[in-house]
Structures are given as structure tokens and as C-alpha cells.
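Only one structure is covered here, and it is reproduced in the block below.
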């Protein structure tokens, strides 16, 4: 089976900081792939490189086995890749519906739309309301500018947008970080539904219970590289955390203690 | 979910500037008998239409968090080009006008490309362009005012009667332009993208907007609008004037800011700009009618400008 | 426009408008004072307006319109852009307002009812002749500190100076030309740079006295204030004092008060009797210097101070 | 025992959105109080009102039983209240050390400091490094502007700053939302240490395991009001979530099903 | 953790503007023999010291994400006040100077209070103030240039010799002012707070900085600096000139932006501003020495300004 999205040897340097240091990546059809790693491990940089938001200094990216180069996020999007960025790409002074449809606005039917290119604001508002409803994000007004929303509400907007438009791959960078229990649950459900309709999902998360609940495979990122690919069924949470923090390494699919002190410190014998 | 009507009016961003404008009108109506007449209002619109039209382009650019110092200079050049081509090179007037518009759009395009390609600050790009275009205007015109224009070029200065008041076709065109851009900004995807870009170019890029093309487009459209301002100027003054437009950059920015648009981009409306331009025109006209000596006009205008934004600011606080 | 024209008088005093090029030049401030005095004497009400910079046509047009709307009998104007203002003046005249140019003629000159002004070409010519004679055959290295592109007074004076000096544009004796916008600080910077470029400059033509004083400051800093001949135009009191102190060798004196007084009187006459003024009235120009040269008529600074403005 | 920090009937309206609708609040000496609630429940608004960052329209605040009014965050800080805001009050173009010491810069010893008011940059840099070290936030450079840090690193800076300066009360609005497993653990440890030195902590979090691990008491916020105060020992997680989402209410200290459908939906019988 | 030295120099924000300045100097040195002399450099500094000093205040304000259109006007008023008090009212020169400085600081304070108390956009506040102060200058001076100044007032125009070159005390004072503010911005808590405020007023407020006091302080200090610029101007021209400073607002903003400071606040340095001011001065002087006609100087300056920032921008890219 060819991976849907693949990367080899990605490198990204910022001055004297190396964010990506030869990272590989493989996303298989129809799977939920969790990407985990410490803060600063290069998760965001990795997916930004994969989705055209950042140009890697070295390395190559393949879509369905064919090399591609996304010069901007729009090109990635044209290939059906939708992304929820960690810094929540929402336009602060615009309202929810506008944000939801930014870059793919719906025009009025008939000559008003084709000739005068008039937006169908009502329809966009209604559809947004429905999408937000699906996520069960409580909103007291749909016409507020996004900047006046609570942290979690804002994240809800970004997630709802990506899910609504995804066709090929959905990438989510910590989509539940600011969400409440109920809202997080909705997002996980949503991810499952997306996967079930055949679209693979990349999920970056620090929440191990979530990862174990939903991921088919786990990509462990460390110091700018992929250090392991695991199946949640084969390891327990403590082991995975140990691998992530460098206390253990994976050799031939088995976790091995690499740093004794570190492993003990996190309670692994 | 829906706000009540009075609340919505109060919370539209143009409410503050509008209140300031109305206050100013009431004041001058008390102070001068000649103020509150149709003829005088028609005059005020004629007087602000050139800066007002420039301010449309300025609004677009400021909404993208840019600024344009070159608009008055571009307009002056456009005016010289169209008049010289018609009068001295004998081009058919409409063709000459088209050439003038194209030249202005080309300068706008040049601004846009510099801002976009090299990522230069708009302030510097348009400051440089201001000098370049200013010099070109004087070199090309050899500092000669162009006179004896064909009637097609001054047509917009002609008037028609609306209920006893003479209105120029130029005033009408200006109003139509404002409505057009209010529509484009408020009702089309392009307008949404302009706001998103002004909010944050990074966000706009991440959501898949072609920000580069958008920036270049905005500056080019602005240039075209400056060309229309050149035609309005030519038809208003009846000449091609190489000295024109020298303070219009700041004047147009003033109209934009008085109209409630943020210099940081992403917030504001073009109808606010119209009101901002009218505020300045009403002050100047009203003070003149009152017979205030010119240096005191300057003094009072300074104070009134600050007061006008204060009214705006206070009206916003109330709706918060 | 179809505004209530100039004929429709308000109750009370008849109005007269004065529109100057700028607010900042003492020359125009004096002119305003002269107009104010004359208006009082004639029992008229004076309205004033000014452009934002030398060359600002748009503001002058707006002022004409607003004054017509306010019902003035006549407008006195120092046109910033001598051609571009003409259509607006025509509209005012069509509305029954008498328009008189002061200081600077419109092009064509008969676009206004009348003109009260200095002959600016002659003003330049006088100091050109003076400079030529004062150099007494010595080889000249000339700097011209001009006004700004496209403003007729500046060009008239510059051309007059060249004619008076007996040279044409592009003559190798002209080693430096620089715009100053008639501003003292800019005049100083221009002179400094000219000196850096051609340290042996010995004649400096300046568009007006602020520019001349700036040039003097620069020359003095370079120790050349005694050896370089500075000539100028204006005859303001500050300028004449500078002539007396030897900082400026000679200046062509103009009479802005006369222009304003005569202008207001003419409008008042029109308001009373309906008789319009016409033609060009030369308000005169006098060369002021304490070091007269033969062959060029001049008056001394005592005369200059007695007749100066500002 | 008088509460350290107390509020009664706080109201805050934004246009037609009511963020706080008569909220009460009590923080007892030496406790870790978790504040939980759905997205948009008014948690952030509540603690902003308590820390001077927002002026409530109605209601009163008491510090050690005495009514107070904080006109700005500085006044709250002067009373020893340190806050980590959800939107991470960090100055983007300045570096980590500068951010850490913003508003309480350290000057050089001797006349250089007293007379010339010169900053002791070296010392501030060293101390910041130590504080960041305590949180085990991996940083590849201390002189980067904060805007170039990863999401988690940036949160680390904000948390380290608050903990370093707290003297009376520490308030943290979702301090671990963007943090990795290891880093989150460090923050929880840190909170424990702060509590152990006698300083009470207010912790807003959506992470129930964290809440149950560390909180002495739980304040449940719902629709702009406090709807319950619980002890983690008295309830299980599912119950608490049910109360938070309105599926159950608390009467006489006991949880009672309020909305049958809702309770069933989240798996409570 | 520490960057290497060359890397640090390359990544300092002033590297780009400095490169542009050096390039310009090299170019003019080839084109004119008189350019590369001590005397000429001393001259350039004299020519930029007034705008340069104004640009110090402008930098402070722009760092807070503000802008000041009134600085040239305030300077002109300060110059008139100090010279008139000394010459016409017979005040001791030092007292007159102090009064002039105080008046300038007071206008700065007024700007600051309007920005802070009513939360008005700085663009509008200082635009209004520009008109007000401009009018006051002409009313108070009756448009008379003040001459015959006491020697204390022109002392800064005097020169001393440094290795064969005459340097004015004013140039020295200007350089010292730049160093002082570089120190205040870079090495004191106040400077840090100015940057934080410019990054985000909300963040600054949340971290406990007294933003209101800081804003008012910045505008007042800027006003005081404009007063010093007034003294420099008076000592350079030897008169009190009511027409002074009319284009200095844009000129000072240009210096700031050329120096690499962002108009959006929070990023930039005052030494960059010095370089920015020098770039403009070097262009003007060099083109003049080359004998380029005025109008072509304008044209070329326009192009060079854009080129200078392009150099800056490209040098930044390299270190990214």
C-alpha cells in the first residue's frame, strides 16, 4: 500500500535553531495517525512543511507516491489537504461564518451570484451554525467577531472549518488543547467519523488518553526527527511516554531502556 | 441571535463619524444662513470628490495594513498624461483618458509588486514612488499647465438639476464609486479577503487566500481609482495641473482615519471614509462661510478634527 | 454652480475675499493686513483663505467657491498656479463677482478683471543687471537658489535675472542650481551643498529674502560672507535690514500693501457703483542697495526701510 | 476561616453576551482550587475580574475578607496575586528573559543600577534559565524572541514567570493546555510545591485527570455562574462532568440527575 | 547559546540600514571628489541633525505603535518662543531656552493625554495638534522672523576642530542624544516597557506595566526632544523662523522607517534611525555634489529610498 502522504529527510533551520533535522513521515490510507513529542520537538514544523505553510530547506514530500511541492497552503488544500493550525488561523475581526468560509465563500444563486458575485451570507451563516452545532460548541452569538470568543470557542471554529472541508487528508495540530471535556469528546467523534468515511487524519496531541483512544498508529517526534512508529496496541502509555522523552528507544519494534535515570524518574523500572 | 435595529445602527462602525458629521452640520447651520442650502451641499461634495475618490483607494490599501503616500502624485501624473495626450498629441479624448487611467493603474501595480515581491514596508515604497512620480510629472509636463481641454474631459464638471439644485456628474460618479466599493468590500469574497489580509497576512495565507495576488490587486485597483480621481480633478479644474495633489496623500489618510478605519488594517468601511471626507469639507466650508480668518480656520480645524474622533470614540464606548 | 451668486447681498457690510498662496510667507501676511485696513476704511467685511503650499491650486479653487457661496462682491487672489486657476475664476466672474489678481498674473492675464502686481521678470532683471555691474568684468561663478518647479514667479524672476546678467540658461557660469521653496532652512542647506560642490562661487541669486538669509548663514559658516555677492527679491523689512548689514548686496523691493489696498478699494468701488476695475496696475519695483553701481537705478536702504513691509 | 479571595455576584456583559451572570467565588488559604466548566462558561472572565484585568459591571471582590477593587492587573499583583492568562501575556518581539522579568526588571548593583538604572541582563538571563530549567521545558536558545517559540515553550515562559513571582495567590488559566506530558507533569509538581509553601492556587483546566490529581476543591462554572463546589473525593469524574455540562445538579451536597437525556448521553445511568 | 560575533552583527537590526548607508557612500565617493572629506561629512551631520533629533522623538512614539505628525510644528513653535522671549521680552537666554523646551514638552504631554485618556488614534491627535500648533506659531510670531539672537542661542552652531575638521557643538549634542536614547531603550526597564507596549498594549497591561503613564511619558519626552531640536535649529539658522519644520514630520518618519523600525510598533532601534537620517542626508548631499538638477535629485532619491530598504530586506533574509 502506498502512503497517502509521505516525507523523507525534511530539514528546517531557523538561524541557529534546527526545528526539523531530517524528519521522515508516512500516513497510510484511512488511518488516524497521532504525532506526539515533547514541546519543541518539531511537530508543528513538520506538519507545516507537509501542508505548504513552510518551505523545508531540504527533503522531499510525496503525495500518493508522487513527489510534490506545495508552495503555499492553498496548493495543499487544492490536493484536498485540510489543516487546523496550532495558532488557529482565524481572522480576528471577522465573524464565525466568514471565518468558516474564508477562501471558499458561497455566492448567491442566479445572476446576483454569477454576475455580481454577491455572497450568500445567510446560507453561510446557517451552514456554519450547523457545523458548530455538530461540535456542540456553545455559542451565545454567531455574529460576534472571532476575537471576542473564548479560547475554546475559537478553537472550535478552526476545527469545524477543517472538518467541513476535508476531502483527502485532515491535519490537526492540538485541536482539543483548549476544549472542554464535552467539546473534546465531540472532536474525537468527529475524527472517527472522518476516518470512517475513508479520509486519513493526522492528529498532533499531548493528551495520551486521547491518543490511545483514537490513534491507529503513533509517530513519535523527538529533537526534529521521527524516532519511532508504534501501534498503540503494542505498548502501554508509560512506555510511549518513555520513548517520547528519550528514556527508551525502539529497536526492532521493541522498546528498550536507553537512559536508565530518565526511565526511573518517570516511574518505569 | 439578532440585535435590535437601533442597537445595530449604533454598533455599525460608521455611527461615530456620522454623529460627528451631523453635529458639525447642526453647528454651522446655526452659524451661517448660507450653510443649509442644497447648493452649498452640492458645492461641498464637489470640493471633496477628488480627495474622497483618492481616499477610496487609500481605504483599500489601509485595510490591508498598508498606506499610500503616492496617491496624490499618481493622480497628478495621470491628469497630465491624459490632458497632454489629448491636447498636444491630438489623441481622441476618450483614448487619452483611458491612457491616463492605465498609467495610474500601472503605478499602483508597481507599488503592489514592490510591497509583495520584496516585502518592503508600504510606507517606504509609496514614499519613494511619491518622489519618482512627482519628478516624472514635472519632467514630462515641463512644468506647464495644460489648458484648452476637449469637452469630453470636462464633462464630469457639468451639472444637472435635482430638485432645484445643480449637481455635477462628477459628484454623482464619486458617490457611485463609494457605493461600488462598499458593495465589493461588504458583499463579495474579494472584500472578505481584503479584511482577512489586513487582520493577519499569515492567517490569510494559511486559510488559502492568494495573498500575493490579492495585495498586487488591491494596489492596482487603488491606482485605477486614482486615475478616476485624476479625471475628476481635470474636469473640476478644467486644466492639467502638474502642481496638483501635493497634500492629498495626508488629506486622504485623514479622511480614512476620521471615517473610523484602523491604520493597523482589517477594520473599517469605505462609507466611513466618505463621511470622513465630508467632515473635512464641511469644516472648511462652514468656517469660510462664517468668515473666520484663514489662520484661525487652521486652528479650529485642528481642534475640530480631534473632537470629531472623540465623538466617535465615546459613541463606541457606549455600545461596548 | 448654481449657488446664490455674488449679487445677492446680505444685510450688513459688503464682503470682499482675499486668497493668498500660503499662510506662511510674511509677504502675504502683510498683504492681508493691508487688505484688512482698507476694508475697514471702506466699511467692508474681509474674508481670507490660503493655500497649503506654494502651488496649491485645489485649495484656492475651493476658497473661491466658498467665498462666492458666502456672497462676496469681489475676490483678490495671488494665483498659485497661474493657468490652472483660470476656469474657477471664470465661474466666479460668471456669477457676478469681480476678480482681481495680486502679486502674480494669471495666464492669460485678462482672465481676471484686473491685476495689481510687481513686474516679477523686471524684479529679476534689476538684480541681474546689478550683479553684472557689481562684478565689473570679473569671471562669475553663479549659484541660483530657486523656488520650486512650475511656479511662475520663480521662473519669471530666474529668467529675468539671467537676462539682466546677460546670459542664457545653461551658461557655464551657472555652477549650481537648487530649489528652496523660498524657505530659509532649505536655502541654507542648498547653499552649503553648492559650496561643497563649487567652493569658488561668487554670485548667488535667490528667489526671495528667506532663501537669501539662509544662503548668508551658510556663506558665513564658510567664511565667505564678505566675498560673495548675494542678490534677492522682496524688500521686506528683515531683508532690507540684511541689505543694510551687508548680508545681501541688493534686493528688488515689492509693495504688497499697495496691491492689497488698491484691490480692496476697487472692489468697494464696484460694490457701490457697479464699475469694474480693469487692466494691469504695476505696483512698482525698486532696487534697494547701499552700494549703488553705475547704470542701474537704485535707492538706498533708508528709502528701503521707509517703504518696507513686514 | 476567612477565604483569601472571595467574590459575590459578579456580572460582566459584552453587548448582548453575558459572560458573568452573578458569579460567586471562594478561595481558601493553602488550597488548590480547580475551576472547571464548558467552553464559554465564563472561567476566564471570572479570573480576569478577580485579578484586575477586567472591570465587572456588578458585584464585589474581597481579599482576606476586606472589599477591594483592582483597577488594573498591577494593583492585584501588588497584593501578591500572580496570574497566567489563557492568552499568554507575553511580548512577542522580546526574548524569554525580558518577558520573565517584564515589569520587575533587575538593575545592576552599585551606581550603574541606582544612578544609571542599568539593567542586569546577565543576571536576569541566568535566573530565567534556572526557572525554565525547573519546568524542564527544552529550549534550544534563550535569546530567541518569544514569537519564535513553539506553542508549548511559550506557555512554559508564562507559567515560569507566574510561579517565580507569586507570593499570595497564583491563578493559572489552562497552564498545561499546550504542554507535553513531561512538561505538564512539571507544572503540576510546581503547583504542589507552591501550595506546600502555603500559597493557594487557582487552576483552570479542562483536563479532568489533572484536576482530580491535584485539586483540593473544585469550583464548577456554568453559563456565567458557579453552580457547584465539590471535593474530588466525594464524586467520580463522570459525575463531575455531568454537573459541569448540566446533566446533573447538586442539591445538599449530593449530585442529582437534572436532565435525563443528557445524563444518559454521557454514559451515566 | 551565544551566537558568534559576525553572526550577531549580521543579525542586529541595524545591519541592513548600515549596509545601505555604506553602499551609498561608496557610490558617491566614486562619483565626486569632494564627497569623501571630513568637512563634507561634518556638513552632512549638520544638515541632518535637526530632522535626526526630531526623529529620536518620532522613534519613541513609533515604537509604542503611535505616530507623530506634529513634531515639526512643535519644534517651530518652540523656536519662536525661545527666540522671541529672549529678543523681544528680554528674558535671560538660558531661561528663554528653558521656556521653549517646556512649551514643547507641554505639547507632547497634550498629545500623550489625548492618546491615553480618550484612546484616540495618534495619527488624528497629532494631525489636529499639527494644525493647532502651526496656527499658534503664526499668530504668536505675527509671521516675523526673529533675528539678532543672543550668542547663547547660537552657541551650538559654533565649531571646534577635530583632526582638521570643523565640527559643530550641535552635531556633538545630536550624537550624544542618540547614544542616550539608545542606552535608555536598550539598557533600562523603561526601554523594555516601551517595546512591550508597542508589541501589545494589552500584554503590557496584563504584565503590570502602567501603560497609561508610560504613553504619556513617551509623548512628553518626545516633546522635550523636539524642544532640543528647536534649539539646534535656532543655532543652525541663527534666527527664529515661523516657517520652519513644515515637512519635518514626514522626513522624520522616513528616517525612522529607513532605520528599520516597524510602523506597527515594538521593533526597531534609535541607532537605526540615526542611520536612516544619514542615508537621506548622504543622498541629498551626494547628488548635489554630482551636479544632478533638482528635479532629477527628487527622482533619484525616490529610487534610492526604495533601494535602501531593499538592501535591508535582503540582508535580513540571509540571516533567517
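Should a chain be cited, it is by its letter among A, B, C, D and E, assigned in written order, with residues numbered from 1 in that chain.
Criterion: a contact is a pair of C-beta atoms (placed from the backbone, for glycine too) under 8 Å apart; a residue touches a chain by one contact, two chains touch by 3 or more.
Which protein is which chain? UniProt says A, D = Fructose transport system ATP-binding protein; B, E = Fructose transport system permease protein.
All values derive from a computational prediction rather than experimental measurement.
Counting steps between touching chains, the shortest path from chain C to chain D takes 2.
Farthest chain from chain A (centres taken as the mean of C-alpha atoms): C. Remark: among chain pairs B-C and C-E, B-C carries the greater number of C-beta contacts.
Averaged C-alpha coordinates put the centre of chain A at 27 Å from the centre of chain D.
Each chain gets one centre point, the mean of its Cα atoms, and the points for chain C and chain E are 33 Å apart.
Computed from the mean C-alpha positions, the centre of chain A lies at a distance of 48 Å from the centre of chain E. Chain contacts: chain B has residues 3, 138, 295, 298 touching two or more partner chains.
Residue positions of chain D with contacts to 2 or more other chains are 14, 16, 141. Counting partner chains per residue, chain C has residues 23, 53, 149 touching two or more of them. Note for the complex: chain A touches chain B at residues 53, 72-74, 77, 83, 85, 89-94, 98, 102-105, 107, 116-119, 121, 141-143.
By the touch criterion given at the top, residues 14, 16-18, 37-41, 44, 86-87, 137-141, 144, 148-153, 156, 174, 177-184, 206-209, 241, 244-245, 266 of chain A touch chain D in their complex.
For chain B in complex with chain C, the touching residues are 32-34, 37, 39-40, 42-43, 46-47, 50, 138, 141, 143-145, 147, 159, 161, 165-166, 168, 233, 236-239, 241-248, 284-285, 288-289, 291, 293-295, 297-298. Against chain A, in their complex, chain B makes its touches with residues 1-3, 183, 187-190, 192-193, 195-196, 199-200, 202-210, 266-267. On the chain B side of its complex with chain E, the touching residues are 65, 67, 69, 114, 118-121, 123-125, 127-136, 138-139, 250, 253-254, 257-258, 262-264, 295-296, 298-299, 301-306, 309-310, 313-314.
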